[in-house]
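Chain nomenclature is as follows: A, B, C and D, assigned in order of appearance, with residue numbering initiated at 1 for each chain independently.
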Amino acid sequence: MVLVAATGMVATFQPRLVIDPIVPLGILFLYLLAFAFGWMAGQPPATLEGYEPATAGSRNVLAGALAGLLGGLCLGLLLIAITVFDLRGVFINMSPELAEILGFGLPVAAAVFVIAVASAFMGALGAGVHLLSRRVRRALIGALTAVIVFSVLTDLFGQLFAGLSLEPVIDFLYTGRGGALTIIGSVVIFGAFIVLFWWMEGRDSTLRQRVQAMPKGQRSRWQIGAALIILVILYFVPRIMGPFVSQILVTAGIYLLMALGLNIVVGYAGLLDLGYVAFFAVGAYTTAILTSPQSPAFNPEISVLASLPFVMVAAAIAGILVATPVIRMRGDYLAIVTLGFGEIARILLNSEWLAPVFGGAQGITNIPDLQIGPLTFSTPQDYFYPIFLFVLLAAYVTFALQKSRWGRAWMAMREDESVAEAMGVNIVTAKLSAFVVGAILASFGGSLFAAQIGSVFPHTFDIVVSITVLVIIIVGGMGSVPGVTLGALVLIVLPNLLREFSEYQFLFYGVLLIVMMLKRPEGFIPSKRRAQELHTEELSQDAWLEIYGEKGQAEQVPEGAV
Amino acid sequence: MKMKRGLKLLALVGVLSLVIAACGGGEGGETTTTAGEAETTTSAAGEETTTSAAGETTTAPAEGLGTIEVAAGDPIKIASLQSISGETASLGTDQVRAIEIAITDKAEVLGHPIELAFNEDDGCSSEGGQTGSTRIIADPQVVAVIGTSCSGAGVPASNVITSAGRVLISGSNTSPVLTSDLAGNASAEYHDGYFRTAHNDAIQGAAAAKFVFEELGLTQVATINDGDPYTQGLTGAFEAPFEELGGTIVISTAVTADQTDMRSVLTEVAAAGAELIFFPIFQPAGDFIAEQALEVAGLEETVLMGADGLLSDTYVTLPQTEDMYFSGPQTPTTDAYAEFVTKYTEAYGEAPIQSFHAHSYDATNMVFTAIEEAATDDGSGNLTIDLQAFRDALGSMTHEGLTGSLSCDDFGDCASPNIDIVQNTADQADIEAVRGNVLISYSREDLGL
Amino acid sequence: MTQAATVETRPARRASRITPVSVFLWALRIAILAIILYGSYLSISSGRLSAAQWRDLFVFGISTGSMYALIALGYTMVYGVLRFINFAHGEVFMVGAMMAFYVANALAVTPLWTSSPAVSLLIVLVAAMFTSTAIAVIIERIAYRPLRGAPRLIPLITSIGASFTIQYLVRGLVGPATKSFPRMEPLRGTFEFGGFVILKTQLVVIVAALVMMGGLYLFVEKTRTGKSMRAVAEDPETAALMGINVDRTIVNVFAIGGAMAGVAGALWGLVFPSINFFSGFLPGIKAFTSAVLGGIGNIVGAMLGGVSLGIFESVGPSLVLAGYEIPAFSQLKDVVAYAALVLVLIFRPTGILGERLAQERT
Amino acid sequence: MPMLEIQGLNKAFGGLRAINGLELHVDEGEVVSVIGPNGAGKTTFFNLVTGMETPDEGSIVFDGQDVVGLRPNQILKLGMARTFQNVRLFPAMTVLENVMVGQHSRTKAGLFGAVFKTPSQRREEVEIEERAKEVLSFFGTRLAGYRHDQLSMVLSYANRRRLEIARAMATGPRLLLLDEPTAGMNPRETIELTELIGRLRSEKGYTIVLIEHDMQVVRNVSDRVVVLDHGVKLTEGSYDEVSSNEKVIEAYLGRPAELGA
């Protein structure tokens, strides 16, 4: 809590009201942390087989309250420190405004007391949640989360309702477009979601289960129907959501394209490539040079579409160039060498030496828009479609390759390189092909990026891009296309929707990564096999208790619902 | 097998949807209207560029950019688009603070409070500029955007924001790419509606070149940049006019910003026979060049010249920078500036951390003045801001700001500060003294720009 | 009996054994060597740099390299024990440098700074060391310990997360501005012994790095703690069975790595007097490159790798690139550094001194 | 001409001579067991033959072709496939996929074909799957049915050993090199596997080289037994000849536990 306050987060979040005018985001965030502390402290120990499950009781609440109190006291100390000493020489965010916010404008002594009590209370609440039955707990927390989501993503919902011409809804829920929730609005949302979650929890089978239970013919018809509906919705997305959300989706799409490519290299073939951005750069610069009239050395000024075959060839060559020297390297050597290649690419693009070709630090501007026949794509809404198409293509390629001898060769190589070779896999071609396919997908991303933004500069192709793409596939779920898609949505769309806090974007990335790896290393939507891989112990138990397993689960569910 | 067929169908439908979508998009911007009309009063400009192909982006939007209505009591919205995360965060943070101070100072415009509706991040990158500006223009009430921090972000942002009829005004873009070469030729990425209070590199480059060639009488010059777009642009802006004057650039080389050993570069420069080294870079690389130049054989007599990036206290007090020349825009030494710095330090706990805060402060105030000129009040406090009139007001005003007297040329360059050439001589004790030791001051007219 | 037949067919068959890749790799090796040698020949024969200048470049490379080496020790030791790249180690270094800055800044206004520079330098070093050690240990406790035994990619990603977290926490705490170190007057200028001229800061860096590395070497080789570290690196399970507290040993590894990084951070401030929250990134990458270059997991290798990388970076551009009259060659020093890494690994896939790792465990 | 002919084979790791002047031949249709105490160089011998390690000296001629210096995948393609002492399956791949990988070198669909699903690629895919199922059916119900889609890591130990053999069979070899196929199995499983090895020869016609510690298995399946110690061939001959050989007894007596195993 102290860190959060001291890094200036509270002060930055404060102006954003969650519920107008009573709950500002800064304070809410701070005390949500107390809530989380309490929740963790009050967590009953994991249920072990053969032991009586520990029942949550007043002890847990007490623990939660204590945890909250501790946090609150630290915060109080911080407040005293701010008011008594001037720490701004070192800690620039410890300003009088922060003291004002933290202390609710009260005198110091009173403020410290209030903070301590409030934190303890939140902590106790956090722990108390464990006392509730599962259904109530889920509904309550779900609804609270919904309120916060509706409020924080006010831009998104504002645009959604406006796009659907539902302005009255905005006026009802929010204080205005992009504004905070009104008190009535938040109550309505809270109520609606409580009902929704309560209802959902009460149902005994999910939609997915029911679809799976259908006979085969019906199921595939159902799936195609669902796909069609999704496509129709997607078709209207850019129209409804307007340029800003479309722009974010376009960016996410470009990252998704790269992530699908990297998924082949890292997820399937197990080659940890930290310089993946180089291929993105190859695509962007190839298109830039071939299409822009401003290209310094060579400007045939062909169209973006016509540049794509060249992009593909260039990417394939780049893939081979990078892959060949690293064929005999393993694991971390590969990682650092590819990282080196990525940096080399960026430095060369920026260099004085090659400036006559790449434009140096000034980049290449005036890249024309994508044109297909008589159609010109210029707005973010326009670009949504071609990028969506490319993503679809990439997903298809991923699926197709996964189910082919190449996909199997890559996976075998990932599992055990020398055994794969002993089983007839040609490691050289397998590695080259993985790099080439990955490179081509990334280069298409680069090419579309160049066309959409209209200019390329070397410092765009920073290692942070490589790392972001890697994080997307890992957080989403390595090897799983839906997972990677969700990863791109969460890691690209969310930060972009909350751009005013972009100062803290990477802080959240960092914390998210650590928490993810500690709590759910297989990602949001893991591929089946990876989930199993990371929970081997449980699995071997399953193998033992194959029959008992299902029965046991069936018994547990009603118990929790009571 | 079922799954595969489903996938294929999916792909097919995808293609179809693309075609349909593209057709929709092609029908004269119908799509943008449906999306934009609901909330934007200024969508007309958006369609103009929908059909414009590459290379002709300089075409000004047609008559009438629309208007922005501000109801009585509502705030007038402006936005900032600055680099506030990542490595260049200090550049943008500094300017955001200046904008905030300007808003506090001004308090209200025509009886309306001012709201900094967005504090967007340009990420110092083109994609950051694109996304940030797209977000800002989605709010139809935003009149003007103060930004970007980096020229690279400015390229797409200028296109997006001006196409939407709004104004982008930057306090730290200096690349000629965004405006003109100052010789009357608009650059490829100039868009009507883009302004800046930072000086165009071309002015400083030309001034430095003229000084070296005419006043120092030197014809063999080496330039060193550090790979940063700013310094690379500035050396480029120096080289062209210098060669035009009849001088020779014996070598145009570069270092990296984190390089500490300059001897090999300097040896190269010595070998090329440079009489003067122009290195408009930053500290600490600049320190190392000055320090090590003395140690390299063949550079004993060579003159050193830097630019505004090196005009700092810690730099001019280095013994090795004695007699060095610097070019730089005339710096504000007014009481108003001192007062600004006091406010800044009070509010943010540290002294200004970069050098473009005053420019953004001025840019913000220019926006306020232009709104005051262009807006009409219906008598009951409802304000109508005509965007074309707003642009015109910005373009034609003369603003006395912290950075001097600002008035915009035809391509959005509002700063035409006199470029001072100063020298650090033995008797200069600190940076103020060095800044005061002006050898010659060039105005834009002096340079024929 | 079949002897004759085999002998006969062998030459013909051998040809099929040369795969396109090995041909390519050999061609690459030869081409690169030729490029390097010819470039060096060109630049040496051009006489652009005097012998003294070449020597200066070397000394310079050694001083930068010894800082890389200090940071690299943390990477290599952690890698040796836990088998993952601790990406956050660069931030450990940065935090040390940051602390060094604040301590130096506070000292700079006291008379101690000018009257006894050695003492104040020591204070700065110790402060940086302690901060970095603390940070390294905290990261280990929070982010890595729960991940023992997880697949290798998992802690790697966690360390990337930790790296972001620390960078932006520091940014939030002390702001994004670049801070410049106060200069230490007595360390200005050069030092001369026996006609050998060296910058004083470089001398301090090299001496301090040597002392630290020597100390570390003795520590690892001679002390109980050091031996248990080596045991854990060799085989954690067996070490645990032998009564070694694996967790504590791993903490020790992080602590020592952190201390080294802290010293490097303070020294960095002397040579390169500006720092911001992002300053740890590049040196971190370079240091990891050094560790790989020397042979990862190998303590002496890290030292050697660091110094070699420093020299490659410093001498390489002037030696090779300058020969081909590549403009602004010194801009490409990082390219030279990474290319050197690729090159070394093509010739020696496990680094200069080779890995010192127990068998891959799966 | 023998199927596999090894002459003057040497391999040293640092100062340790793992294989020292080994001479060996395997005839078509034979089952040869290689026995010897731990550290005798048996697995190194397999590694050398399959190309996973390169010999310092000597020739390995398979089917009239010198394979020294070839990559493992090239050697495999010539018709030699192996299993591993410590079971090295592809754990995160399904049973069926493991076997399908084995056919990699026998199939040829390119990337282009895989992406665009050309008719020939699809036919090939079907064939690969059919063949994999056929190979698995060799093990009766052990690896059939729902097991096809299980990840190989969830299999029981004995099933993993079977799957490894299936994977090797799928590569279409003529010579199978089995490294301790019964290690870690219970007596019943061992008997079952011994039968299986017999069937591998009689039904599939493979030539088999076997490393084995279990003397029961060795006696039951081998035509010929080769004894290695410290990289040197002590003797060879039928099981009875070898088991009564003094040198062999001596070699094992140093480590009496071995014989009992």
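In this section, a residue touches a chain if its C-beta (ideal position, glycine included) is under 8 Å from a C-beta of that chain, and two chains touch if they have at least 3 such contacts.
Small disclaimer: the values here were computed from a predicted structure and weren't measured.
Visitor: By count of C-beta pairs in contact, what is the leading chain pair?
Guide: Contact tally peaks for the chain pair A-B.
Visitor: Going by C-alpha centroids, which chain is farthest from chain D? Tell me that one.
Guide: Between chain D and the rest, the longest centre separation is with B.
Visitor: Averaging the CA atoms per chain, pick out the one whose centre lands closest to the mean of every protein CA shown.
Guide: A
Visitor: Quick one: report the Å distance separating chain A from chain B, using the average Cα coordinate of each chain.
Guide: Spacing between the chain centres: roughly 32 Å.
Visitor: Taking each chain's centre as the mean position of its Cα atoms, how many Å separate chain C from chain D?
Guide: Roughly 44 Å separates the two chain centres.
Visitor: In whole angstrom, how far does the Cα centroid of chain B sit from the Cα centroid of chain C?
Guide: Using C-alpha averages as centres, the distance is 38 Å.
Visitor: Averaged over CA atoms, how far is the centre of chain A from the centre of chain D? Could you give it in whole Å?
Guide: 46
Visitor: Which residues belonging to chain C are in contact with no fewer than two other chains?
Guide: 19, 171, 175, 327-329, 331, 334
Visitor: Residues of chain B touching 2+ other chains?
Guide: If we look for residues of chain B contacting two or more partner chains, we find 86, 89, 227, 252-254, 350.
Visitor: Note the residues in chain D that touch 2 or more other chains, in rising order.
Guide: Those would be 71, 117.
Visitor: Mind pulling up the chain D residues that touch chain A in the complex?
Guide: Touch residues, chain D against chain A: 50-52, 71-73, 76-77, 81-82, 84, 88-94, 97, 100-107, 109, 111, 114-117, 121, 124-125, 128, 151, 153-156, 167-168, 171.
Visitor: Spell out the part of chain B that touches chain C in their complex, as residue ranges.
Guide: It comes out as residues 86-87, 89-90, 93, 227, 251-256, 258-265, 267-268, 271, 283-284, 296-297, 314, 350, 353-354.
Visitor: Residues of chain C touching chain B in their complex?
Guide: 48-50, 53, 56-57, 60, 64, 171, 175-178, 180, 271-274, 276, 278, 282, 314, 317-318, 322, 327-331, 333-334
Visitor: Which residues of chain A touch chain B in their complex?
Guide: Touching chain B from chain A are residues 88-89, 92-95, 155, 159, 162-163, 165, 177-178, 216, 219-220, 223-224, 227-228, 231, 234-235, 238-244, 247-248, 251, 291-294, 350-352, 355, 360-363, 365-369, 371-372, 374-382, 384-386, 388-389, 392-393, 396, 399, 449, 452-457, 459-460, 464, 496, 499-500, 502-503, 505-506.
Visitor: In the complex, go through chain C and note every residue touching chain A.
Guide: Per the stated touch rule, the residues are 19-21, 24-25, 28, 79, 84-85, 102, 142-143, 146-147, 150-158, 160-169, 171-175, 285, 288-289, 292, 296, 326-329, 331-332, 334-335, 337-339, 341-342, 345-346, 349-350, 362.
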